[in-house]
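Here subunit A shows up in two complexes: once beside subunit B, once beside subunit C.
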Partner chain A sequence: MNRNIPPPLKIKKRLTLVDCLLYGAVALLIFYAAYRVNDVLIYHWNWSKVLGFLVKFDDETQSWASNLLLQGLWTTLRLALWATVLATVFGIIMGYWRTCQNLTLRIISRTYVELIRNMPPIVFIFIFYFFVSSQIFPALGIEDIDSDGAFASSTIFHFMFGDPRLFSNFLAGMICLALFEGAYITEIVRAGIQTTEKGQWEAARAIGLSPFNVLRDIVIPQAVRKILPPLAGQFITLIKDSAIISLISIQELTFVATEVAATTTRVFETWILVGFMYFVLCYSFALLFAHLERRAKRSQR
Partner chain B sequence: MTISKIFKTLTLVTLLTLSGNALADDLLIDIQKRGVMKVGMATFVPWAMRDKDGNLIGFEIDVATKLAEDMGVKVEFVPTAWSGIIPALIAKKFDLIIGGMSITPQRNLTVNFTEPYAHSGQQMAASMQLADGFDSIDDFNKSSVTIACRRGATPCIAAQKIFPKATVLRFDDDAQAFQEVVNGNAHGMISSAPKPRFWSEAYPGKVFLPFGSENLTRGDEAFALRKGEHDALNFFSNWITINTSNGWLDETHAYWFQDQSAWKDMVAPE
Partner chain C sequence: MSENNTDTPLVEIAGLSKWYGDFSALHDINLTVASGEKVVVCGPSGSGKSTMIRCINQLEEHQVGTIMVDGREVKPGMKNIEEVRRDVGMVFQSFNLFPHLSVIDNLTIGPMRNKGYSRVQATETAMHFLERVHIAEQADKYPPQLSGGQQQRVAIARALCLKPKIMLFDEPTSALDPEMIAGVLDIMIELAEEGMTMICVTHEMGFARKVADRIVFMDEGEIVEVADPENFFNNPSTERSKLFLSQLLGH
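Coming up: the complex of A and B.
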């Protein structure tokens, strides 16, 4: 045994004097910046107007209900969840096609991925909204969905998709985001499938498994483990990307915020608050996914 | 059947289907069949804004609500980002725009306008720090002067026309343009009356109205419809004529524009 190798360094868990000094310096800098902002910016801060748009007291039901900004947050969350589900479906199909032997399937999926990844999101969103969705939706009759119908007015529908009157608006935003993020998930899935060594494919084929069985029993179980962490990251990215679709007037948090800012003329307060709301939403998901990942690792052993 | 005969039949069939569509596509009939009129609008004080509970209120909201009532249908508002409101109308996201849109020849090439239902004007709010004592157009028409406005809207066009020598700063939103004046980064900002007046009241000693309550320009606001909707255009225009004659439009306009004290408490808690 080689005694010259030093023991592995313990991860420091206590703050030293240097750390404290560093924190102090950063805090000072922030205070100075805040002071300068107040000096340069002539602005009467008034948070009450904006905070009032978080919750309201409903006189009819005698209870607190979410007001515009929180409603926007729920719409963002619903959008992100459904768009991720749909994008994952796209991603799995396209990702599988990316690794197929069939040339046509490879061309289709490659075109999809390259088209979306090499276009600014905003351009794609405008093209989709003004050309694609306005042609397809009326043809499918989604625009004329009966908002007083039994299913549309049920609480389940409301919980899953929000206000039925805004359903076509919601759907346009959701499909738009899903198509967009699907391209990135395609690449995650492709990478997941392709990291399974060629030798495993060959070995499995050699013992007589069909290509489908190889995929089901050998490739997918390994791929899923590799795909899940980046997929979780992509979900958080999607929440942040969803702010872009405010430009096509999807009634999510950012769009609602522009309305609140216009109504109250409290631009800074609105955007600081909205930034904080996005942060809380994304960071809680990041913590949740980190926790799940740790648990999954433990159970693997 | 000869080729030319087939071709003729095809043309006839196409023409028939097209004319049939033209009848079925009539906007007025569509709205009545649906029982809902979809109105595209953008938030703009005091045309359309949110009250404390997040509901839409404002001059335009009153106009559209009464219009729908008179047609015997429900009204549904589609809040839309201002910069994309005309493309959204053309893409049939709603039936018409009641959004304080001023008639301009450029816009009129793309959409149809009704008779005007309101006459707005552009007002200027100026910074006391930078523009103290300025009271004429010439005072602001200098290369050293910066004027802020909301992009894609009439104020920016007015700013460039009235003050060609000044630098024009474009913002996404009126409030941002106004903030530039309060911060002393712009000498003045132009926006639709009465917003500059409301703001100068909110920031006394920082912001003033260099031209008093006199407006720089006069605008004509009208409903906007897609090209080709002649029947609907006729109906809406006449609705406006009637409600101008009977004084309802003037009365409603005065309620929202003259004084904010009547509705200020509805908008936001102080």
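Coming up: the complex of A and C.
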């Protein structure tokens, strides 16, 4: 029997009265906000001043270069990428420890996760800044890293870590973010390991695989598949959370934006533009991850 | 695979007891299975049938008693348990195939990791056993694409690839749709006819009658009765086994 017969009636999608009312309400709200700004506050929009901070024409090299805001965006992106790599390393180690038999390892990882999850991010960042990056970094001699050395001044270094003169500043921000997000990744990794069915462990043991091979061949490949989507979501969260480290003078997008807003006195324009920049950045990643996830699903079939 | 040589014991369980917390799961189990022998274990749910056979390859750890497999004692925390497990094939109720590996990779991973087979060697062995379970044409598919009966046949082939001395079946047909059961039982009967030593936990009494040398009846963590199929089905010697059989064959 041919089972690919469409049903006789197609359900039509159309706007109902409720939909129209909701759209109307939203439009009204936007209109009112615009009215307040333009006619009550008498605000003179001036976008050109702020947009000038995106790109500038460099007289020395006779070419266009990214200005403060775009530089801030690149710093944010670099921070997010490196912090995600580092946070994933923390997360994998701590997440594995969370599932270990060894009590000490479980206590260490549990303490780490609970400390960070039960503290406001700002407080954690201040503690980190005043204790770690202003006390321990100098003690380790990180401040004295040769910022004029061959590698530090190469374009590769510049592309990966930004301005070498700001490297220790960048490092502090990155470690701080990584520690913070690592706690959440720890929980994602733990869930990934623990949701691997008991039967899979048993079957793997029953065919005589060693404990190491059970993990490597059976548990981890399955856990990774489950972990990747929430990990991608955590990466986007990390981009947004990176705004908070502007408080310790890391020169990423939000920090730069406060400076631009102050010097131009164009507060609305600056923050709308910066909000838009964050949105474009995060939403493009969200679309990219959704695309990759769909493709991975299709290839599994 | 050896002849029907029922002199040498392959598995010897003596005085085996196990607790889950304060709950006694197994109490003073004694059972010897000779090479080539087929033993069917039955009994009501929760009677400790699965727990007992899972102690043999130490998927469950026992607290009291000794278990010998092919002359080696298996005990909790032992170092080379993997070596024993390679001699003991196990088939689970819920198949437990590795969903991220293709059928052929499910079969080759054990021999490649444990026995140092090359991929070519392991694939050759795997195809041989896939043909024996009549499923060679599915080699490149993934487990979720197969029916339950096909998955269980792959699971049997996976266990056979390690050339085990004994096969343990833990309710292999309980999770299957009725029309899939016969295919799996046929494979098990073929295996039995070839002389494989088997311990089967199952409620398939037709299979038990046809294949079993002995029936072990368990209830409440104890072995209540051991008998040959003829006697067990026709003259069960205890009240508990009578009750169990009447419930099983009642309708």
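Quick note on the criterion: the second predicted complex is superposed on the first by the 268 of 301 C-alpha atoms of A that agree within 3 Å, B and C clash if a C-alpha of one lies under 4 Å from a C-alpha of the other, contacts with A are read in each partner's own complex, and residues count from 1 in each chain.
Heads up, the rule we're going with is that contacts are C-beta pairs under 8 Å (C-beta built on N, C-alpha and C of every residue); 3 or more make two chains touch, one makes a residue touch a chain.
On a predicted model such as this, the values are computed, not experimentally measured, just so you know.
K.L.:
Mind checking the superposed model to see whether subunit B and subunit C fit together on subunit A or clash?
P.N.:
fit
K.L.:
Once the shared chain is lined up, is A:263 touching subunit B (first), subunit C (second), both, or neither of them?
P.N.:
first
K.L.:
Residues of subunit A touched by subunit B versus by subunit C: which partner has the larger set?
P.N.:
The partner that reaches more residues of subunit A in the superposed model: B.
K.L.:
Using the superposition on chain A described above, determine whether A:230 touches subunit B (first), subunit C (second), both, or neither.
P.N.:
Neither subunit B nor subunit C is touched by A:230.
K.L.:
With subunit A as the corner point, what is the angle to subunit B and subunit C based on their C-alpha centres after superposing, as a multiple of 10 degrees?
P.N.:
150
K.L.:
Quick check for you: in the superposed arrangement, does A:121 touch first (subunit B), second (subunit C), both or neither?
P.N.:
Neither partner.
K.L.:
Just subunit B (first), just subunit C (second), both, or neither: which does A:71 touch?
P.N.:
First partner only, subunit B.
K.L.:
Once both structures are overlaid on their shared chain, how near does any Cα of subunit B get to a Cα of subunit C? Whole angstrom is fine.
P.N.:
It comes out at 51 Å between the closest C-alpha atoms.
K.L.:
Can you list the residues of subunit A that meet both subunit B and subunit C?
P.N.:
none
K.L.:
Quick one: which bits of subunit A touch subunit C in the complex? Just the residue numbers, please.
P.N.:
Contacts found on subunit A: 197, 199-200, 202-210, 213, 217-218, 221-222, 225, 300-301.
K.L.:
Mind listing the subunit B positions that touch subunit A in their complex?
P.N.:
Against subunit A, the touching part of subunit B is residues 34, 43-45, 49-50, 52-54, 76, 78-81, 83-84, 87-88, 91-93, 173-176, 178-179, 182-184, 199, 203, 206, 267-270.
K.L.:
So in the complex, the part of subunit C that touches subunit A is made up of which residues?
P.N.:
Contacts found on subunit C: 57, 59, 82-83, 85-86, 88-90, 92, 94, 96-100, 109-110, 113-114, 142, 145, 155, 158-159, 162.
K.L.:
Going by the contact rule set out above, which residues of subunit A touch subunit B in the complex?
P.N.:
40-44, 46, 48-49, 52-53, 56, 58, 67-68, 71, 129-130, 134, 138, 144, 165, 169, 246-249, 251, 255, 258-268
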